[in-house]
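Alright, structures below, take your time with them.
What follows is a pair of complexes built around chain A, which joins chain B in one and chain C in the other.
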Partner chain A sequence: MKPTGIRRAAPLLACLGLLVVWQVASLALRNDSFPTALEAIRAVPAILGDKESLINILASLRRMAIGFVLAVGISVPLGLMMGRSRAVAAFFNPLLMVIYPVPKAALMPIIMLWLGVGDVSKTLVIFLGVSLPVIYHSFEGAKAVEEKMIWSGAAMGLSAVQRMFRIILPAALPEILTGCRTGLVLALITMVTSEMIARQSGAGNILFNALDMGQYDTVFAMIIIVGAMGICLDSAFERVRARLVRWSEPNFNVPLSFS
Partner chain B sequence: MKALRSDAESRASGAAGVMIEIDRVSQVFQTSARKDHLALSDISLQVEDGAFVSILGPSGCGKSTLLYIVGGFVAPTSGVAKMRGRPITGPGPDRGPVFQEFALFPWKNALGNVMYGLLQQGAGRAQAEAQSRELLKMVGLKGYENFYPKELSGGMKQRVALARTLAYRPEVLLMDEPFGALDAHTRTRLQNDLLNIWERDRKTVLFVTHSVDEAVFLSDKVVMMTQTPGRIRQIIDIDLPRPRVRTDLLIDPRYQKYVVDIERMFDDIDAGDAS
Partner chain C sequence: MNSRALTTDLLLGAIPIALLIAVWQAINSLGYAPATLLPPPGAVFSRLFSQLYDPTFQFQIATTLFRLFAGFAIAVALGISLGIAAATNPAIDAVVRPVVRVLAPLPKVALYPAFLLLLGFNHESKIMLVAADALFPILLSTYYGASTVEQKLIWSAMAAGTPPRQILFKVVLPAAMPSILTGCRIGLVISCIVVFLAEMITSTNGLGFVLVSAARMFQTVDMFVPLITISLLGLILNGLLQAGRSYLLRGFPEA
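Up next is the complex of A and B:
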């Protein structure tokens, strides 16, 4: 196999290796609550084939998408403004520093008291989970934009608002997208945890219902499904990201010797 | 020293066709230790329409700050800078900067960078593209239209930056040590090319540098500054024929005298600093 072939096969080999370890460990331990990898995998089609389960999973994804998009839509402008204005940064920084270390799922019971156990509460928790890394990275990205680049735009006649959207935003985009990628994974995590607390619908709901009923193969199958969703979302996002900021990629850096 | 005229004399001689007037400008910065630092002290200077004027001085004399004030990027602490008689209140397309750091838009290729200002000024896309291709050709970058800044060498980046600024036809070019980050060979080539481009329409240029050769070779007038606080020490008219050819000038005694005289002035400033 050529080196590139090995590199492409590596993630697959890692997954296979994990499953083999799982299978062996499960057979060795012989514990009812620890099904073998094969048993768990066999339960996956049963879940995906069940209409009710699919509706649950799709409801999860919908909440996740709404929470993610809202969070990015609000956090990016806020982070950019914080990065370019000391006053805005001084106002929001302490607020964010208070919210940042709090596990967002820990807020879930309070939010449920206010907004019920429905979509709104869960979407809000996802929104909170995604917001902070996106704000932080947008802030850092905007702060790092070279002043002279902004001046160059100002000399061309760009207004302050135009400079924000047409110079600072694209210049900070690589950093912003790094934040969004972290945010996407956090969206998935907060999605499952929100459903674990507000047990009403969703992928997390299936998982914890199965746990209550002792259907351990379903529990592990759901873990596999959630993990697979994470891998798919991340690689799709990574593909979009790579295309958007190809101009900033290090391997794109092939300086020519010409004065 | 016949060539060296005092500040006041040359100010009196240039009353007609004044493009830029700097009137008793001072600039105070707050240092990180929260102390006031006087960067520029009582600077008055007139730049005539079509003149190539260099501001020369040791590093830290505030010469770049003076350029930023004319650009409208920095507001002076006191005094006023005027463009065609109007006080400068902010940046505008009538004054085009070229920075040592290039400051290109990395997400745009060379063509996109040059087109940016034209599109902002309301030019049509086709027209902007045609003009930008022409400008890239003029700065010697034909064939590099689709290259991104990361793929270009320092000299090429500065060529793109020059084309990008020339594109929106500023009345004044503000060049902030534009060749300071380049190697000696590239620097010489760009100086030659800049002069050739400048000869076509003789825009007003304000050129900040710490290189004596560069200032004498390019300029009609060299404004010599002293350090901390930055003041104008002397304004020297460079009376050398144009178009200038570097190799001819290097053996020209008049050129050599300008360079030596100014170098000596530099030494004086440094000696004054040390004492």
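Up next is the complex of A and C:
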């Protein structure tokens, strides 16, 4: 095992490495529509300093947070119930299978007809996008809970509700949090795409307007900003997750040895 | 599971879908929504069937499917080989791990403008986006599957004199197969979603374009048709993958 210092810095080094690859590639291609990494980074403060785009980005983040929290609040109980009751699972499974491959952001034009272009339709789309993976993972997590633990709980006089909160929820937590992590990334993706389709406000709007107007360094600077949001949110969530389920850390850090 | 339980499950599962369509029809018949905003289900499905025989629409489906499969195939090939390589070789692992950690949570749709500018507005940029989005679930689950292979299996193969290259194909790959296929399934659904989105954002053909052009012309019936088509495509592809899975995993316990 390498010293922890290098392992901590590895993602940062990877970022730097990717930026260097970008820089070299753009210098080699000499394409007008492909600015170098340095030019793109230089355009970042201009966007973040601009009041209007800052408001736009914050509005995006607010919609994302609301959609995500609502989705997790509804999907986790639903997934847990599906995992513990065959009838509930059979009831919802086909419906979810039908909805799963439909791109949620593609519902945007239809939802816009009903609810307008405002916050409600975008939050609804984010909600739909987040809920499916969370339901799926909670379902799998609750299904895999050891029957013996539930039986012992029942034998010791826990009611069905108590069993749900004190046995099934903690036992399924690692799986639920994996689902939430996928959901978080999906929330960001749906946020950007819904704003691309309903060009009214938000980060996706800035990105694609800049593309249409040929401001290529703004395009790439926005890519950096959105990417950084994704990476920061993910690593923050990962830290919370690691703290919550420290007891179940899977041990797949070790590469296989047979060479 | 016996066949009777299966039938009850199927019947139970049909209820919410039937309810959804019933509510949809009821909203129309009771006049809560004008047909221009929410066309009746009958109109949508009959339009869908007439469209399925229309050569133009078939061409749009074929275009979408081509992009989907090309991107998905790239993602599968890259994801499995990189995942196995990283799990078995510490040097590759040291490079791949941090790069994946940075790139996996990055919303790939945001890269789409970059792909457009670099690869043009045709197939390439869409295929690239599909591949970029489907790659990470496949890569991660391959990596996970390959690194949780029981070391004893590998030791026994080595003790039996199997050369390292063959251990890869005879022990590691089959043992990681369930996990790899789970990753492929997630990747497939993501490919369906992404190809559609990419076509919605900029395209002149494909199912996503059908939706966008219908939306521009306010043809609500035609907006539902591509959505139902992509849902059906997803179901069919998922079923095919499931069949492939039960073939590949024959002999595995509880596959």
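Operating definition for what follows: the second predicted complex is superposed on the first by the 246 of 259 C-alpha atoms of A that agree within 3 Å, B and C clash if a C-alpha of one lies under 4 Å from a C-alpha of the other, contacts with A are read in each partner's own complex, and residues count from 1 in each chain.
The working rule: contacts are C-beta pairs under 8 Å (C-beta built on N, C-alpha and C of every residue); 3 or more make two chains touch, one makes a residue touch a chain.
Keep in mind it's a predicted model, so treat the numbers as computed, not measured.
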Which superposed partner A:V102 touches (first chain B, second chain C, both, neither): second
Contacts of A:E146 with chain B and chain C, given as first, second, both or neither: first
Chain B versus chain C, judged by how many residues of chain A each one touches: C
Touched partner set for A:P170, first chain B, second chain C, both or neither: first
First (chain B), second (chain C), both or neither touched by A:A155: first
Contacts of A:L207 with chain B and chain C, given as first, second, both or neither: second
Residues of chain A that lie at the interface with chain B and also at the interface with chain C: 252, 254-259
Residues of chain B defined as touching chain A within the complex: 71-73, 90-93, 95-97, 99, 101, 103-107, 116-117, 120-121, 147-153, 155-156, 164-165, 168, 170, 182-183, 185-186, 189-190
Chain C to chain A touching residues, read off their complex: 8-10, 12-17, 20, 33, 37-38, 86-90, 93-94, 97-99, 101-111, 113-114, 116-118, 143-144, 146-149, 151, 154, 158, 164, 167, 172, 189, 192-194, 196-197, 200-201, 208, 211-212, 215, 220, 223-224, 227, 230-231, 233-235, 237-238
Partner chain C, residues of chain A touching it in the complex: 2, 10-11, 13-15, 17-18, 29, 31, 33-34, 86-87, 90-95, 97-107, 109-110, 113-114, 185, 188-189, 192-193, 196-197, 207-208, 211, 216, 219-220, 222-223, 226-227, 230-231, 233-235, 250, 252, 254-259
Interfacial residue positions of chain A with respect to chain B in the complex: 146, 148-149, 151-158, 167, 170-171, 173, 245, 247-248, 252-259
